[in-house]
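Two complexes come next, and they have one chain in common, chain A, joined by chain B in the first and chain C in the second.
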Partner chain A sequence: MSRTTEPALSPKGLELDRRWRALAAQRRLYTILILLGVGGALVASLRYANETNAGDFFERLPHFFDFTSWLIPRDWNDVWRALFDVATPSADGTEATNYPLGRVYLFGDVYLPEYFELMLVTLNIALVSTLVGVLGGVSLCFLAARNTMTNAWMRGFARRVAEIMRAFPEIVIAGFFAAILSIGPIAAIFAVGIHTIGALGKLFYEVVENIDMGANEGLSAVGANWFEKVRFGTLPLILPNLVSYSLLRLEINVRASTIIGAVGGGGIGQELKLAISRGFGAKTLALVLILFVTIVIVDNLSAHLRRRLVGEQAFGL
Partner chain B sequence: MSAVDTIDIDAVRARYPDVFAPQARRRLIPLAVVVAIIGYVAYAMWFFAIPQTLYTANWQRAGLYLAQWISYDIQVELRLRDGAVRVVWPRYSQLGSNPDPSWVTKAADGSVAVDVTGSGRLEASATTVTLRRGSETAVFDISGETPVAIGPVPDWVSVSEGDVEIDWGFWGRGEFDTDRIKLAKREPGWANFLFDTRSPFFGKSPAEVVSLIVAGPRLDPDRSNLSLALDDIWNNAEWQHGDVWTKLLQTIVMAFAGTLLAALVAFPLSFLAARNITHSWPLNQLLKRFFDFQRSIDMLIWALFFTRAFGPGPLAGTAAIFFTDTGTLGKLYAEALENIDDKPREGLHSVGAPAIAVQRFGVVPQILPVFASQALYFWESNARSATIIGAVGAGGIGLKLWEAMRTNTNWANVFYMVILILIMVYVFDAISNALRQRLIGSRI
Partner chain C sequence: MLVLDDVTRRFNEKTAVAGVSLSIPSGSFVGVIGRSGAGKSTLLRMVNRLVDPTSGAIRFGDVDVTKLQGKALRDWRARCAMIFQQFNLVGRLDVLTNVMLGRLNHRPTAYSLVKSFTDRERAMAISALERLGIAEVALQRAGTLSGGQQQRVAIARAILQEPEIILADEPIASLDPRNAQVVMRSLQALNRNDGITVVTNLHTLDTAREYCSRVIAMANGRVVFDGAPEALTEPVVREIYGVEADDASFSERATSTSLGFGLNPSPAFAVS
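Showing the complex of A and B:
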């Protein structure tokens, strides 16, 4: 590349050039400082995590694939047998291979395999708590949105309620209701449901605040009451987004109810925790498989419906 | 604008019946949805046996536990033996090893009076127990085998099988038979939040503590009063501040390190997964399916696996968050890359810039704010998730919270940890929102 001589700058141009260089240098310095700070924090965090962990990272790393010793079943067909509760020839009388014991007989010889039943429990927890969340969120959103609630105190109150419900640790709600209702899926519904009310309430009121108020004003002008305005002026505008967010939340709730299950909410999470901690290889694989397939199906179904409802915009953050 | 009257409307309706016919069917859809939802709710009620469970639930406990979040009971026992009344405090009383509160008074004749609440009082001598609540009084003779009421018994006192229970309302309860009287006085607030009963600062007023720290003589000759005070607070046996704050730090570290590592790994991978950057269909698909795989194996499963691999602790939690979020962030990043404006890249290509410079100056400036904002969002949401996966052994405050709840006695500790978690979530929320607003402007 041929190098051309730089044209001489006027004194003003030189001054400008100097300032620009100074600014660029300062900017670079800040970038480097921020990167160093974040990098330092990361290294410190990892060291801290390593020190407070029960096992040291580098000591445990060679044993990382130890799990294959218990996870890989002697007979791969055992995964299917565990999944469908069929007796296995390698049964040794222990809990690890007692597949037919879990059968849930519906009528006669027709049975629902244990893991399908547990998956159904978890899915129902997710569905019911999403429904609870949608009902609560819809009731909250009209109170919290600026354009439907003119009273600032009421609005602030509704927003704080949604925030606290969202930020309150689910595990505490689960534990509290487990103490009152005895441990089980209903405590999980309360926990996931209350969190969902807060999360959806916030998303919904943002949707309501962004709608075009023209339809509402028109309805006001012809003397519609509050209910009619919401029904004909607001609801048609927000419904697609509401349903889309609810479906997104359902995806999240399937995962959340699995996790809550593992800490005592019942369902498939509890069984999975048991299987992994006791090292039941075939059972673990069967559970991971059914959970994986269910999550993929729910995600894709919800993505498909959301795409139909609101188009590609449903896939932003 | 020409007006349309009903005749015109009917004419239009007659001419285009197809446009108006589906309306009837469409109108049925919401009805069908509502019926389906009601049907599902009925099914769920039956499936989870919700009415029975709610009916048999112990709702009284709910109030009791909620009260324990913000108040505590002081227990005291009066033992009646050999014609004397002896005041016995539990071994680990909140009032210290040798309590002598002003609400317990011993008279010269050996009888003891306890002011359990403002208007509730119990007086016990070797032979009689006198109960007061406001202006009402009940007297029991306890010299026989079972307590015998002398005179009428008010409704706040219940007698059953030789055992008398007293209800002074929210602030006090009690029960007695002929050899012992058990009383519980409820105090608002949290007991011994700063100093436990072993500390030399225990029982001192805030002013006394401050003056001791600032100018008092050394309580421990080896160190200053300030360091002694801080050490006593940190190692408070009832509240375990040290342990709680350490576990909270672990949760924060898990969310931070897990999300940051995930973002760092997802960044280069997303360039390989985006079909407009890397023109290789097999590689794109392979990476995208890999992201889906990581995302679909729940964070819980990763947490359980890593807890087995690394042992319980924050390392397992960090690894679980890292694995799940590499998938999520990788997918989001690849989608963002596929939607970029191609003109800067084309420009750089056309002037013969090397491939790495095309990405650095043509792509990165467009997506960096979006990437950083998404990483921040997940950092904030992972701080919440880290609390839960901690409960299965993956480190952090989750396990501590779960253990505190299991005994049903430590609800004040639970509330303390909940407040800390809420503060953490709010602070993270604010930081993340402020940074995201700076990064990508108002379109959050």
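Showing the complex of A and C:
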């Protein structure tokens, strides 16, 4: 870098140059310190995790495939048979290979395979809890946002409600409700729904705080009351983001509902936990397959819906 | 010499620009006027390829602008700086950095990404700001400045591109008359002292008359007038803006933004 300053600067310009360089050097120092801090924290956390682990990560890595060997079925076609509840020639009389057992007969000989039914139970949990979460989150967000709610007490109350609702992991809430409402999807809906209200409430009120208040000012000048301003000055502006976050939450909730199943929330998660713990190889693979395909479909469907509902222009395309 | 040859741009069913042919000699100061939606913006944005023409060719010297891609296109964009109505600065960065961003095409990307600028580039930026009379705000965030100041920062950024053409898309539409005058005079100085060709969209006729050596009027995507500002007589203006001949209430002054002291209230606002 050459030290010649051309074009020649006035004394004021030189002073400006010096001050800008001092400012830039200071900013750069902060950036470097932050990066070093983040890097150091990452290395330290990983090392600590490895030290507190029972076995060393790199020593245990080669045993990865020992553990999964029980998954390999005697006949790969058994995965399909397990998925569609078709009897297998390699049936040995145990539950591990008795696929038709779980058939859910609709009428006559027409049946819904067990895992499809369980997947529906789980999807239903996700859907209901997302709807509950969106309704709750929207109701909370206008009370919690600084620009729509000027009363600090009301705002604080709404924010604490949202915080408490999302503070507990779904599994903890599910365990609590399973004890009261008995094991099954109702407890799961409560658990996922409550957490979703809290999580979406926070995301939504941050969206509300980011809007341009011009429209609200316009409506104030018209003589609109609080509800009218929220309805016409705020809601239309946040709707695209609302849709995006709600659909993202639906995707998250499909996974959450599956996990909840493993702690007594019913649905496909419960079956997956059973299959793994008892070592049902083909059944486990069938469950993993249907879960994987469903999640891919839900994610793509929600991406498609988002484009349709929000419109291409919101993505800057 | 910038040459547009039968340039057309369609958006779905709507034709924004329809078969426009123009040639603009280097060093001229051209104003483009017309109603909203006449295709002025699209025309300008096709020159630096922010919008691609549907058909036709744009040439500058021996460069076929319409065929450029990748690095060659970015080089071309650096040669024709653009000034926007809403300034399009990076509001969260300080003014001096915003101005130095005008150098991006002239320097290695790796250095730019870590904000490492040379002494010469900083000196260029400071003298550009001094030239526009806003050096005192150099360390502020661009977003905190007034509209007139932001537009001058945008012009300073354009100067650092060392452009041959400046395209200005309604540069003064969001500014008060005083700032509008400062911005137009800055563009005029760049045109006269540095020989930079200026093509600017304007929505006020008096500005076009005062600063431009040539006025191009567009209506429905076509050029309907191209000549000296003196040739813009009232019947011509009525045709450009689609005003009925018997509508006596139309006056050029209704859109005036000049600091015309002692101007009578415009007839358009007269109480009847």
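We take it that the second predicted complex is superposed on the first by the 236 of 317 C-alpha atoms of A that agree within 3 Å, B and C clash if a C-alpha of one lies under 4 Å from a C-alpha of the other, contacts with A are read in each partner's own complex, and residues count from 1 in each chain.
Just so we're on the same page, contacts are C-beta pairs under 8 Å (C-beta built on N, C-alpha and C of every residue); 3 or more make two chains touch, one makes a residue touch a chain.
These figures come from a predicted structure and were not determined experimentally.
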item	value
Touching partner for A:D299 - first (chain B), second (chain C), both, neither	first
Partner chain in contact with A:A179 - chain B first, chain C second, else both or neither	first
First, second, both or neither for A:S10, with chain B first and chain C second	second
Touching partner for A:A41 - first (chain B), second (chain C), both, neither	first
First (chain B), second (chain C), both or neither touched by A:W20	second
Of chain C and chain B, partner touching more chain A residues	B
Contacts of A:I276 with chain B and chain C, given as first, second, both or neither	first
Overlap of the chain B and chain C footprints on chain A, listed as residue numbers	none
Contact set on chain A toward chain B in their complex	38, 41-42, 45-46, 48-50, 52-55, 57, 60, 63-64, 66-67, 121, 124, 127-128, 131, 163-164, 167-172, 175-176, 178-182, 184-186, 189, 255-256, 258-260, 262-263, 269, 272-273, 276-277, 288, 291-292, 295-296, 299, 315, 317
For the chain B and chain A complex, residues of the former touching the latter	37, 40-41, 44, 47-48, 50, 53-54, 57-59, 61-62, 65, 246, 249-250, 253-254, 256-257, 260-261, 292, 296-301, 304-305, 308-318, 332, 335, 373-374, 377, 384, 387-389, 391-392, 395, 398, 401-402, 405-406, 408, 414, 418, 421-422, 425-426, 429
Complex contacts: residues of chain C adjacent to chain A	94, 96, 115, 118-120, 122-124, 126-127, 130, 135, 138-139
Chain A residues within the chain C interface of the complex	1-10, 12-13, 16-17, 19-21, 23-24, 28
